[in-house]
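Shared between the two complexes below is chain A, which pairs with chain B and chain C, respectively.
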Partner chain A sequence: MKKTIQIPLGSQHISLLEPIRFKFECENEKIIGVDADVGFVHRGVELACTRSFEFKQVGYVVARVCGLCAITHSLSYTLAVEKLLGYVANDRIKYLRMLMVELDRIHSHMLCLAHTAENAGFEALFMQIMGDRELIMDVQEAISGNRVQFDYISIGGVNRDLTPELVALTHKNLGLLSEKIDALIGLFDNNWSLSLKYKGVGVLSLEEAYTYNALGPLARAAGLATDVRAETSDFPYEALGYTMILESTGDIHARNFVRLREIVNSIAMCRNIIENLPIGEIQEKAKGKPNGEAVVRVEAPRGELFYLVRGSGQNMLDRVRIKTPTFSAIPAMMEVFKGAEYADAPAILASFDPCMSCTAK
Partner chain B sequence: MLRSLLEAFLNLFRPIRTHRYPAEEIVLPSGYRGLIEYGIDACIFCDKCEKVCPPGAILFYQNEDGTKTYRYNPWLCIYCGECVRACPKPEEALWQSETKQLSALKEDGANEGWFVWEAACKQSREAYATVKKSAKIQNKSEE
Partner chain C sequence: MKKIETTLSTLLRDIGAFYIPKLWHFLSVNGIDLGEGKIELQWIFSAYGVKDEIVIYYVLSDYNTPVPSLVSLIPSAIMGEREIVDMFGLTVDGAESGLYLDEDSRTHPLRGES
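Coming up: the complex of A and B.
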């Protein structure tokens, strides 16, 4: 007689933000085997980038791959094309781009924390964190003119400048947020009922993180020192107070803590950026047509985002390849589920911060 | 644990976090990216906005007398402002306002009506090109 039972999670499930299907092989309550299917929201973005849109328009197309890290996608694409055009942005443009990416990281991490809390059964904490997240959304809306699709970065610069009012608003909201994050750190660290759901649950060891190529907060929670921000020199991260956040236990609690401490670090970096903003043009001419092949890596909120752009001196590109962080982290994710309780599965899944519309694109 | 309970109790007396939306209007920040607006008097019909628009939400219809008619689809527009940056006369011919577009109704024909218009624009250009070509040939033969 068969001793295991199969329980599916998804493709539509109350704990999922986006469609993904897991097939869990369970022995009593314990998960012993996992099978994942991620391709439910395929939209053919890569093909559209090479068939329907010219290279100057593609930046706005790839921004629609993902709602949360829209700015990271358009930034990666823009950097790749600028490499092909031989254009180097000035310091002001670099700083403004960094500011938006870091703000994006803060609000994406907060969404993940809220969602992890909700999936572990703390609806009130979910509401509270989502309410606090509005502070950052307001700043982003005021800077870029839109709440979700910023369309802020274009080839050769950024589309809008920071005014003194925006600087004041950013300072004010970052100050308010940093108090709230301090309170949240205390809550996540000391609250007894939160620790029941998070501590020792969904453990990814350092060795497994190496073997299964984990990345982003998932890897850093296991103690694996990998961060594109420290590995590339496209942006002056070191000068603006970037520190790599590492935890050692690799459970949900550690992942939450990596995110919380990264938010604190990002807030400090945002403050440094707006205080030390260099003077310069925000939009420069980048002439020519992309010819050759360029690879760009950018640290998205969920890990390394990889772009390959190939052009042959035409208006249309030959190839745009997008490798998203969630896609690369699937083997590590599947490993974490093995040995966990089935009841913990939604909370573990939320702690990975999976982005399915990125993955299937 | 006790602190959480105290917080929960105190929340009874704190102001609510959410907006009372229909009663209380949500204030948009200044510089909100809204509808693209067009001034026909300043337009020089260079078609730059039509060429750069990522979704193709701006089209020009070629009239037989050589003039062009501007047509804009606010439901297709992604409000990126690329057309305004490409415009040789921004603020006079093409600018981005802060007004929001309401959802399309069936009568607006946001999809079907636009497809008809797209086809008509394409056809009008082709027809105009053939008329011009034949006129050129005629001119040459007259010479």
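Coming up: the complex of A and C.
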């Protein structure tokens, strides 16, 4: 029997953005077993949503689950409550909500790509992508008033309208970003550090994607055709140019390319949204108190975000269930590590784009 | 959304007959405290490539009855099962405590009497 050694990675490690601890069992340099500890930043958000805050306040509480995808958390919760109130938003509100979600997807994917470059030792590219990402952060700040915790979506609408000046800024920055993304695609495809190094590394097969219920870019990189934007009818994604992006090799390179091509698609959708923005109010009355049970799925940057809300006609809700993308991706992530080289573990982890604030909630 | 009631004793059989990995995406295990020591447990699925198709299998139970594990059918169910062990203090076959709370935690935040 060969000798094995156990090597910890995390909970604090230079390659980790947030606390997660892996315990790798290695045979020489090869990982043969893995255990993960994910609960370092548990804050009891689900409990707070039913014990400490009334339903009208909860949308602002769940936005604090995650800084990166705050907008998808508040959107999911708001949609669930609006279903219980029997309210359907007008088209202008739908378009404005979609715009913010797609902008969020662009900057979140860019953050992941920046860290993937950093893990390849490409520090200059990391800095360049983070700098380019500011184009979208500026637009989000101008529209919502905040860079991170947007608090833009509320029950019955959104909190700010899109002025002609904001439309012009959005157009301008999307145009600038579009050129930069075209250059990035060439770089990720042709540069040795980013292409050859990552091809065939950290592979999740299509069969494994089904077995471990992979989701989001992780699943689509393996060829599994699933995207909540194509599986729900809450928003008119197809009419605004949505295309499902699929790769087939399931490695880090494929995950990078799903994200790059999704950024291109999201830029096109954002342009379509602001060019075809319907006329209407941005805030409407959604009367009553939530009574019954509603479920909502929204495609967050990392995959499917799921909310279940149950109320009994009171100001306080009975249950708010939050199922985040990274939480579901942990079993698939652990499977991918098995058989990989230990030296590749940080890059594989970064390519999953894990969010531990979401996972531990 | 379609809800189907089952029992803990027939759960594995019912979901085993229903779940086809290439048709159904397993979403989550969920618990809802009903008060007076009762709980509703849910196993939630969505259909690949079909709009708004969600199926929830649910069981009305108490906190003392062990819950069977679905890991033999759905390996990724282990995360949700460990979560309800921590948050509701349930016993699930093969699911360890300590996902979010200390392994020896005596409190279970989403359990009504806590």
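As a working rule, the second predicted complex is superposed on the first by the 358 of 361 C-alpha atoms of A that agree within 3 Å, B and C clash if a C-alpha of one lies under 4 Å from a C-alpha of the other, contacts with A are read in each partner's own complex, and residues count from 1 in each chain.
Heads up, the rule we're going with is that a residue touches a chain if its C-beta (ideal position, glycine included) is under 8 Å from a C-beta of that chain, and two chains touch if they have at least 3 such contacts.
Model, not experiment: these values are computed from the prediction.
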| item | value |
| --- | --- |
| Contacts of A:T232 with chain B and chain C, given as first, second, both or neither | second |
| Contacts of A:W192 with chain B and chain C, given as first, second, both or neither | first |
| Chain touching more of chain A, residue-wise (chain B, chain C) | C |
| Touching partner for A:A360 - first (chain B), second (chain C), both, neither | second |
| Chain A-facing residues of chain C, complex | 1, 21-22, 25-28, 30, 32-33, 42, 44, 46-54, 56, 74-76, 78-80, 87, 98-101, 109-110 |
| Residue numbers on chain B that touch chain A, as the complex places them | 1, 4, 8, 17-18, 29-33, 52-54, 78-82, 85 |
| Residue ranges of chain A touching chain C (in the complex, touch as defined) | 37-39, 42, 44, 46-47, 210-213, 215, 224-226, 230-233, 295, 297, 304, 306, 308, 310, 318-319, 321, 323, 327-328, 330-332, 360 |
| Chain B partner contacts - residues on chain A that touch it in the complex | 53, 56-57, 60-61, 124, 127, 131, 138, 141-142, 144-146, 149, 151, 154, 159-160, 187, 191-193, 283 |
